[in-house]
Amino acid sequence: MKKLPFLALLTLLPFLASAAPSLAGPVKIGLLAPLTGPFASEGQDMKNLVSLLAEELNRAGGVNGSPVEVVVEDDGSAPRSAANAANRLVARGVPVVVGTYGSAVTEASQEIFAEAGIVQIATGSTAIRLTAKGLERFFRTCPRDDEQGRVAAETIARLGFRNIAILHDNSVYAKGLAEESRERIRRKGVANVIFYDALQPNERDYSAILTKLKGIGPEAILFTGYYTEAGLLLRQMAEMRWSVPMIGGDATNNVGLVEIAGKAATGYRFISPALPADIDTPAARAFLAAYQAEYKTLPGSIWPVLAGDAFNVLVEAIKARGTDPGAIAGYLHKELRDFEGLTGKISFDYSGDRVGDLYRLYEVDAEGRFVLVP
Amino acid sequence: MQEFLQQLINGLAVGGLYALIALGYTMVYGVLKLINFAHGELFALGAYLGLTLLTALGLAGGGPAAVALILLFAMGLVALAGYLLERVAYRPLRGSGRLTAVVSALGASIFFQNAMMLVFGAKARVYPGGILSGEVFTLLGAQIPATRILLLASSLLLMLLLYWFIHHTRTGAAVRAVSLDQGAARLMGIDVNRVISLVFLIGPALGAAAGVMAGLLYGQIKYDMGVLYGLKAFTAAILGGIGNIPGAMAGGILLGVIEALGAAYISIAWKDAIAFCLLILILIFRPTGLLGERTADKV
Amino acid sequence: MSLLSLRGLSKSFGGLVAVAHVSLELEADAVIGLIGPNGAGKTTLFNLITGNQRPDSGGIFFDGRDITGLPTHAVVRLGIARTFQNIRLFQSMSLLENVLAGRHCRLRAGLAASLLRPPFQRREERQAVRRARDELAFVGLEEQRDKPAGGLSHGSQRLLEIARALATDPRFLILDEPAGGMNGQETAALMELIAAIRSRGVSVLLIEHDMNLVMKVCRRIVVLEYGVVIAQGAPEHIKRDPAVIEAYLGSGE
Amino acid sequence: MIAARRSLLSWSAFFASLAALPPLLPLLGVDGGGAVQIGVLNDIGIYLILALSLNIILGHAGIFHMGHTAFFAVGAYAAAILNTSCGWPILSALPVAGLLAALLAFLVAVPVIRLRGDYLLVVTIGVVEIVRICLVNNIFGLTGGANGIAGIGRAVILGRRLTTPADIFYLIWSFAALSVLLFSLLENSRFGRALNYIREDEVAAAGCGINTGRHKIQAFVLGAFWAGMAGTLFAVKTRLVDPESFTFSESVMLFAIVILGGAGSMAGIVLGTFLLIGLQEIFRDFLEARMLVFGAAMVAMMIFRPQGLLPARARRYDTGGRTGASPGAAGREKKPGPPAGNGAAGT
């Protein structure tokens, strides 16, 4: 028992030691990303992509004469670890932060950054309420769920389906999108939602669900979850010899979908912000080539690219206004207009949401390529 | 009726997979009275090793020989991993309390999972398509893909082999003796350590077979896939009566069927909750699982 | 009136009849022996009395009260304590704590009293510890009170079980093979101890294979074979009973 | 008594040195005024309270319970709902959150408590999963589904709003200190002993007149009650509750803390919590390999300290004066009278 206080302090020592004092020098840009946990693949791509951008920038002389240092912290794909990671970024003295992916995870970090006066640009958190809190220094490069829901409803109207099934996976993102879409579809009288339920992500056998759906007989399925489940659904539909059009959200924008579903992916449609390949700027094309050269593969999805864009606009703002967070936020709100990003033109509105019509409809062709539907 | 039949078959196929994994839990439990929480990870490892050989040898063309080869390869290597796991993480803890070993197993599970993430990447990996036949049979109006039949048949075959081995060979009798009473088995001249090592070869090998089959059938594998399957299979083993080999088979199949029917007739989102509620109800009325456990608490 | 009476008790496991229609009257202030060949149903009969198992039919009455099917802890509270054939001590706990376990059912402090520690709780704890120590002294283990029970010799473990049972303030004590694993010297001491227990006003029912012990300490002996009482009476009477000699003594000794 | 006083002293020293940290850290020149360290300590504090409450169930009564997060979740959600929907001050939800968790525990425990070890383990795992699925599926329209419940109000104590991590730190660690005090009283009592007897040998415990079923249910319900209150503190700290915070893996972590620290040993559990939660933070420098190292460390710790880091120590009793040696059965001259009370010390 006597040893107890001593032991506890001993366990505390490493925390104290790890917090080295900050020195003036490089411009620090924080990156909060899920390096471990369920979203690890997105987070690791985010880290790779942002590091590469920083490297290229430093090779070209950095920003305002100083090199850029990316300070990475792992949010562990969970709110609790994200709060601690956010505290660490604050302690490491970053004026601006890129990230993070999951909405609930971002939410856990929001207040900490806000209290420290840090500018945060989320990259994959589409939940509406994040920008509804009136936080002056919070932005995001990804669109909101309601925007995507609107586009989903319009797409279904355009394609002329009357009876549709909506399937989500109970995650914050997928459920939010499913609810938004159902609301819009109902309100506009676009179609009848004859089925609405959630599958369990991470399972591999969805035959029970598909059998049930087949019995109900929708004209199309709107799946709002992630690409792995979408790929499995397509593959197993083909195995059952059941072909019904399936439409997905932007979380299915991942080459992994075609790898999983193979030929069964042909004809699958999804809505998503424009792909880097469809952004016809030399900078975007050059960067993707560099990425391919460095990591032997393209980014798995659109989300790491959105993290890259967050990094780019922050650098742009620092070039213009220095590293004062207040000045950066002001610049992003009022002065940054139609910045040429990797995902198209970027501007932010008064609440920090990205402005502009970002969503496009894509279709998978017979070769497994994602083709823009005009 | 047709839909019911279809769902039954869906459930049987999933249940076959659960049963195969559950055997690993139940056999280890039999000899060590330990829930090997790292078993789910060994299942995932099997899936990855199968894919590794498949791509390394360029066997994507398929054929039964290729399938058999990767199956044996993955089973062999994972058996080795299981053996090492027991030597490193469990054997030093023999005799120091069951809960101690459980925590070691939980640590091993975290270790394996993250090792796979580092080695094979955090992204889902994909088995190339076209290895198995894409045929679909029709039975009483229900559509049954050939792959499901293959899955069910091969898991049944492996289970029967195991059953035969346990009940009709000398080594199998030794495994049974150690499960029943370790002390007595030792007195009878059985090398208990050897039996335990053997169980840690067989159980993980079956798990690896399940992993390869899951990879071939579903195409997509991920480093953390063992968590969910492990939990389900462990539940199935308990449902059937842990330590009881036919119990694990019955429990696995039953769990698969309950899930499929729950999803079909009650709710998809609630199906796991339904399965767990049923499990709790069954345990209230049969406190040692459906087929019972083979131990007695003498007063 | 007898202290404990069993009326037509039966219990079977699967197809095996362990106890068949046993009726017995066990009087107060006596040491009674229960003997019989292995598998005669002696321990099952004990388990039925102490509520470890439920009888299929029949009734158990203690001091005129029907205790059939009562849970073990309630039976103990009423004044029947027991020891176990395969010793069941709290191995890693000290001797003193083992005996304190027996005091449990005579103490009143609940959750609230444990947290608030009112005077009555402190007093009863103090008294319980003292009593436990005295019971250890009674069986001759007081010196080792702070050692873990698992470290004791087999014979001492049996004595500790007796001390623990005595701490519950029993009126009726059931000993399942108390001399099992004891040497001659220990057995002799045990015989004295049983007499002393009797003189504390506690009735004793014991199963024992050591015929010497049984014949010496028991006032009355009951013989069980295949779950049926085949004889009962004073030791001299049992020794001469032809059925007993046939079934038990004749075959073994 | 002396031992008890010494342990009281060590605990006071421990909590006092912790209490000095928030003002001390900025003086030591720690970056950001020690917000990182305080944040981690707040997590550790909540885990400690949970682990101490699980210790009653798992460590003392030996009930294989791997579903403690279920009760934690019920407490956290109850507090969040009472605060956001009914406008209760968050801290006044504390007892209600505890009671609701206790009620759930009671309903679960009554039918299943007699199940043996591993069967109970899977039932408790099932309960966590069922609770999580209920939360995700927005049961009764109360839990907000996968989004959870945001916008929980700040806690107010005596007119002071708790806004900084240091404020929360004092709240959580005061509660942790209270938990240590109450649970140590409980451990060293008739109730605590009874749980240990049950853990060691249930049949023998019943044979000593202990109502094993009732005690196990009491332990289960009490542990759940405390976990429910810890849930409220969690809601105060994060001001957002969502299903992802209450997964099975959190239960696993708590289970590991209790066993690894030393079942039934509060000092061990404090150390275990600091290590298991703290290590995850320290290993951050390994980035992707963080959890790999953590898993290996868990296995290694069990191998090197199979009885736990600081195993529980035997209780000490004040047995008064010593009676004379009593070889054989000779001690029985000092015959204790049958009922309690008159077995006065001999000397």
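We just call them A, B, C and D in the order they show up, numbering each chain from 1.
Following the convention adopted for this analysis, a contact is a pair of C-beta atoms (placed from the backbone, for glycine too) under 8 Å apart; a residue touches a chain by one contact, two chains touch by 3 or more.
Not measured: the values here are computed from a predicted model.
Between subunit A and subunit C, the least number of touching-chain steps is 2.
The count of contacting C-beta pairs peaks for the chain pair C-D. With centres computed from CA atoms alone, D is the chain lying nearest the middle of all the protein shown. Centres computed as Cα averages put subunit C at a distance of 39 Å from subunit D. If each chain is reduced to the centroid of its CA atoms, subunit A and subunit D end up 37 Å from each other. Subunit B and subunit D have Cα centroids separated by 33 Å. Subunit A has residues 36, 40, 44, 170, 198 in contact with two or more other chains.
Residue positions of subunit D with contacts to 2 or more other chains are 136-137, 203, 288, 290-291.
Among the residues of subunit B, those touching two or more other chains are numbered 114, 117, 122, 269, 272, 299. Residues of subunit A touching subunit D in their complex: 1-2, 4-5, 7-9, 11-12, 14-16, 18-22, 35-36, 40, 44, 72-74, 78-81, 83-85, 87-88, 90-93, 104, 107-108, 111-112, 116, 127, 129, 170-172, 175-176, 198. Contacts from subunit C toward subunit D in the complex involve residues 50, 52, 71-74, 76-77, 81-82, 84, 88-94, 96-97, 100-107, 109-111, 113-115, 117, 121, 124-131, 133-135, 137-140, 142-143, 145-146, 148, 159, 164-165, 168-169, 189-190, 192-193, 196, 200-202. Interface residues of subunit B, counted against subunit D in their complex, comprise 29, 35, 88-89, 92-93, 96-104, 106-115, 117-118, 122, 231, 234-235, 238, 242, 269-270, 272-273, 276-277, 279-280, 283-284, 287-289, 297, 299.
Per the touch definition, subunit B reaches subunit A in the complex via residues 3, 6-7, 10-11, 13-14, 17, 114, 117, 121-124, 126, 129-130, 134, 136, 143, 145, 147-148, 214, 217-220, 222, 224-225, 227-228, 259-260, 263-264, 267-269, 271-272. Residues of subunit A that touch subunit B in their complex: 36, 38, 40-41, 43-44, 170, 197-200, 202-205, 207-209, 211-212, 215, 228, 231-232, 235-236, 238-241, 256, 259-263, 300.
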